[in-house]
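Some structures are shown below for you to check.
Both of the next two complexes hold chain A, though its partner changes from chain B to chain C.
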Partner chain A sequence: MVNQLLFLYCAVVIIGTGLVAVRAKNPVYSVLSVMVLFFHMAGLYLLLNAEFLAAIQIIVYAGAILVLYLFVLFLVSLRQEVKIERFIASHGVSTVVSVCLGACLLAIIPSFKLGAKGQYPVERIEQLTHTKAMGLELYSNFILPFEIAGLILLIAVIGGLVLARNEKEVNE
Partner chain B sequence: MNMPFTLSTLVPVLPEIFLACMATILIVVDFLCPRNREMLAQLALFSAFGVIFFLFYQEPGLAFGTMFIADSYSVFFKVICLFGMLMTTLLSGQYLKVEQIRQGEYYSLMTFSVVGMMFMVSAADLIVVYLGLELMALSIYCLVGLLKSDARANEASIKYFLMGSFSSAILLYGITLLYGLTGTTDFAGIAKYCSETDILKNPALLTGFVLILCGFFFKVGAAPFHFWSPDIYQGSPTSITAFMSVAPKAAGFAVIGRFLLMAFPESHEQWGSLLVIISLLSMAVGNIIAISQQNVKRMLAYSSIAHAGYALLGILAGTSEGYSATMSYLLIYGFMNMGAFGVVILMCSKGNRRESLEDYKGLAKSNPMAALLMLIFMFSLTGIPPTAGFVGKFYLLKAALAAGYTWTVIIAVIFSAISAYFYLRVIRYMYMDEPQDEFITQYSPGLTAALVISAVGVLGIGILPGSIFDWAARSLVCF
Partner chain C sequence: MQILTIILQIAILLVIVLLHVAYATYFERKIIGHMQVRMGPMLVGYHGLLQPIADGIKSFFKEDVIPAQADKPLFLFAPVICLVTMLTSLAVIPFAKGWVLADINIGLLFIFAMSSLASYGVILAGWASNSKYTFLGGLRSMAQVISYEIPLGLSLVGVMMLSGSLNLTTIVTSQGNSFSSMYLFPQIIGFFVFFIAMLAETNRVPFDLPEAETELVSGYITEYSGMRYALFFMAEYIGMMVMASIGTICFLGGWNGPFEIPFFPPFWFILKVYGFIFFFIWIRATLPRYRYDQLMELGWKLLIPLALLNILLTGLFKILVH
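Take a look at the complex of A and B:
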C-alpha cells in the first residue's frame, strides 16, 4: 500500500514536471522541472529495488547532464529566441490528433496484463544485490547492446565536433 | 544461459567489427594526413568492397545468444546497404569538391551509419534493433548538416533530428508495451509467448505492435510518416540524399520484414490490411504531390515515398514470393536512384546547383550523355520496360495479386500510371525544349564509375532479371 502511494506520487510528479518542461516559455524553468523529474525517476527505480540505477540517475542525469544544460543556457542569449511564432499553421489539427492519440493510449491501459516473469524476481535480486545482477547481465547476455551503445556515444562525440567546429580553420 | 565466451563466438559479427574498426581508422587517417582526402574515399571503398566480399563467404550463424543472426536474409540486405555506401563514396568525390565540404569525418560517419544498419538487419531482438537504428540515425543527422553555411541544410538537420527523436520515442514506447506484455524483447520469444497464450487479441499488444511499426515506417519514409522527407532530401548534401534514399530504407524494410515474419507470423490478416492502407497512402501522397514539384531533389523525395509504398506491396502479401520481390525491388531501387542522384550531382557546379526542373531544359542538346543517362533512370523509376524498374514492379504486383489483394494491385497500377507524368516531364524538358544556359558537365572518375554501374545495373537487371530474383528467393530459405 505504501509502495503504491509512493509510486502514485512519483508518477504524478513526473507527468506534471514533464508537462511544465515542455510548455514553459522560460528555458530555465524547463531545465529545473526536468531536474525534479529526474529525482522522481530515481524514486521509481528505488521502488523497484534498483538502487544502482537510482544512484546513476541522480549522479549522471541530475548531476552532470543538467548542469551542462544550465551552462548552455548561460552561454546562449535566449531573450530573442523565446518569443517566436508557431512553426506550423495547422495547430488545431495537430492538437486534435495528439489528443486522440493520447486518449487511445490511455484507453488501452486497463487491458494491460503482465507477461512472463524473467529470471530476476525480487528475491533473487535481493539475494544477489542489484548492482551485481546488473553488471553480470550487462557484461554477458547484453554485451552486444552495450557495445553498440558505446559506438553511439562515439558518434555523438564525433558529430558534435563536426557540427560545432569552425569551418574556416578547417579550410586553411 | 551464460555461454562460455570465446573468440570463435564472434565470427558471425566479424563484418560489423571490421567495418566499425575501419570507421575509426578513417578518423585517425584524416588526422594523420590531412592533405590527402582522396585516401579516405579509397579506404571507404576498400572496406565496403571487403565486407561485401566477406559476406558472400560467411557461414550463417548466431552470436550473443539469439540477439544477432547472420543468415542469408541479412546478407542480402547488408549487401544493399554496403552497395549504397559504395555508390555514395563514388559519387561523393566530385560533389564534395564542388560544394567545398572538407570534413574528413564524412566517410567515417557514413561507415558508422552502415554499421548501425548492419546491426539492424541482423538483429533478432528489439533492443539491438533500436540501438542499431540510433547508431544509423545519429550518424545521418550529422551528415545532413554538413553544409553549415546553407540555411536549408541546417533546417534539414534540425528537423530530421527532432522528428527522428520523436519517432524513436514512439518506437520505444511500443517496445516497452510489448516487453511488459510478453516479458521478452526477443522476436522468437514474442512469437512463442503469443502462440501459447491468447494475447494476440489484447488491445495493448496491438497498440504496442502498431507503435513499433510506426517507428519503422518513419525510417522508410512511408506515408503518413513522410513529412520529414521532402525538406530533408532537398536540404542535405546531394550525395547524402542519395545515400539516405537507398541504404536506411533497405535496413528499415529488413527490420519490418523480420519483425513481422519472426514475431507475428500468425496474425498476417491483421497487419496485412494495415500495410495495405500505408502502402496505398504512400503511393497516393508520393505520386500526386510529386507532380507539383519544381525542384528535382524534392521530386525524387516524393518519388521515394511512392516507392516505399510499392515495396510494401511485397511484404503485405506475406508470401515468400512477395518478400523476395520486395528484396529485389530494394536492390533495383538502389541502382536507379543512385543513378538519378548521380545525374543531379553531375549538373551541380560551383555556385549554381541546377536543382530546379527548369535547369534540365534542353539538356539533350548541351549534354547528350547526361540526358541519356537521366532518361534511362527516369524510365526505370516509372517502370517502363526494358529497365529494371519494370521487372521489379511487375514481380511486386504479381506477388500481391497472387496473395489475393486484387484491388490494391489495381490502385497501385493507376498510381504508377500517374507517376509517369512527372518522371516523363523531366525527359520532355530534356529533349523537347531549348537549352537555357550552356555549361559543360565534368565527369570525375568516381562519378563516371557510379553512373556506369547504375546504368549497367538498371539495363542488365531489366533484360536478365533472373539472377537477382533467384538470389532473393534463395536468401529467404532461412525462414
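Take a look at the complex of A and C:
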C-alpha cells in the first residue's frame, strides 16, 4: 500500500515536472524541473530495490550532466529568451499531434503484461546487495554490450579532444 | 512510535551538529588568530566563548535584503538547497557502532550524490542574484565541483575495493581494530588525492575561487545578507564536517581508537574529525589561493591520473594476494 502510494506520488511528480520542463519560459526553470524529475526517477528505482542505480542516477544525471546544461544555458542571453512568445508558429498542429500520441500510448497500456520472473528476485538482490548483483551480471553475462558502450564513450571523448585541439591551433 | 523515535533522533543530531558548526567558526577564528599572532575573538564572554551565539543572534535579526533585479524564488531557495543537501548526508554517517540514522548499503554513493547536489545551491545563488561578481563565482564553482568530483570519487574506489562494500559501517569494521590496519597505509595515494579533492569540493582555501575576496568581493554570496547568508555559512561548515567524517571513516578507521571510551563510543570519531578540521584551518592560515588554470591543471592532470593509478595498484595487489 505504502509502496503504491509512493509510486503514485513519484509518477505524478515526474509527469508534472516533465510538463513544466517543456512549457516553462525560462530555461533555467526547465532545467531545475528536470532535476526534480530525476530525483523522483531515483525514487522509482529505490522502490524497485535498485539502490545503486538510484544513486548513480542522481550523481551522474542530476550532479554532472544537468550542471553542464546549466553551464551552457548561462552562456545564452536569457533576457531575450524569456520575452519570446512562442518558439514555433504551428502551435495548434503540435497540440493535436501530441494529444494523438498520448491517446495511442494510453490505448497500448491494457496489452502490457508482466514477464516471467528472472534469476534475480527481490530476496536474492537484498541478500547480495544491488551493487554486487549488478556488477556480477555486468562483468560476466553482459560484458560485450558493456565494452561496446565503453568504446562508444571513448570515441566521444577522443572526438571532443580533437575538436578542442583544432580550435586552439586556429587561434594561435 | 518508531517514526517518533526517528524524528527525535534526527532532532538531537541536528541540534548537536548545529552547535558544533557554531563552535567550529569560533575554533577557526581562534586558531587563525593565534597562527597570525593575534588573540581572535576575546570580548564576548570568557575568551570570546559566547561569540558564536552573539553572531547567530545578530544574523537572525538582520534585514534580509533581496536585490531588485534578482530572480526572487531561486534567490530565496538557493541557500536552502545548500543546507538541506549537506544536512541530509549526515543521516548515513556512522558516529560509532550502531550510531547511525540510516545504515544504507550505498552510504558512500549517497554522500557523493548529496555533495554534488549542493553545488546547485551555489550555482543558482550566483545566477539568481543577477550581479557580475556572484555570477562569476557561480560559474567558477560549477567548473570546480565538476572537475574535483571525479578525483574525489575515484580516490575512494580503492577503499571500496579493499572493503568490498559501499556501506560506511562495513568500511569501518573491515579496517579492523589496530593502528596498522587502517586504510591510510595501503591507500596512501588515495588519501593524498582525497584530501586535496576534499579541500576543493568544500570550496576551502587554497581552492576558494568561488568566493575569492580579492577579485569577486565575496563570490556567490555577495548579495546575501542576514539569515540567508548564515545558511550558506552553516552549509559550508557542515560540508567540512561531512567530508572530514568521510576521511575518518574511509582512511582513519572511524570510531576505533587505542582504547574504548565507556559511555561515549563516538569519542575517537569526533577527535579524528576535529583533527581534519584543524588541518582545514591550518591550510587556510598558511597557503595562498590557487590561480584558476592551476586549479584545473592540478585536478585533471595530476589528481585524476594518480587516482586511476591507485585503482590499478589496488586491483593488482588484490589479484596477487588472492
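Simple rule for what comes next: the second predicted complex is superposed on the first by the 138 of 172 C-alpha atoms of A that agree within 3 Å, B and C clash if a C-alpha of one lies under 4 Å from a C-alpha of the other, contacts with A are read in each partner's own complex, and residues count from 1 in each chain.
To be clear about the criterion, contacts are C-beta pairs under 8 Å (C-beta built on N, C-alpha and C of every residue); 3 or more make two chains touch, one makes a residue touch a chain.
Nothing here was measured: the structure is a model prediction, and the numbers come from that model.
By the document's definition of touching, of the two partners only chain B reaches A:Ile152; chain C does not.
By the touch criterion stated above, A:Val96 is placed in contact with neither chain B nor chain C. Of the two partners, chain B and chain C, it is B that touches more residues of chain A. Of the two partner chains, chain C is the only one touched by A:Thr131; chain B is not. No residue of chain A contacts both chain B in one complex and chain C in the other. Listing the residues of chain A that touch chain B in their complex gives 104-105, 107-109, 111-119, 140-145, 148-149, 151-152, 154-156, 158-159, 161-163, 165, 167, 170-171.
For chain B in complex with chain A, the touching residues are 1-2, 5, 13, 20, 24, 27, 63-65, 67-68, 100, 102-103, 105, 108-109, 112, 115-116, 119, 127-128, 131-132, 134-135, 138-139, 141-142, 145-146, 148-149, 157, 177, 179-184, 193, 199, 202-204, 207. Listed in rising order, the residues of chain C touching chain A in the complex are 71, 74, 104-106, 109-110, 112-113, 116-117, 119-120, 123-124, 127, 135, 138-139, 142-143, 145-146, 149, 153, 165-166. Only residues 28, 32, 35, 51-52, 54-56, 58-59, 62-64, 67-68, 70-71, 74, 129-131 of chain A touch chain C when the two sit together in their complex.
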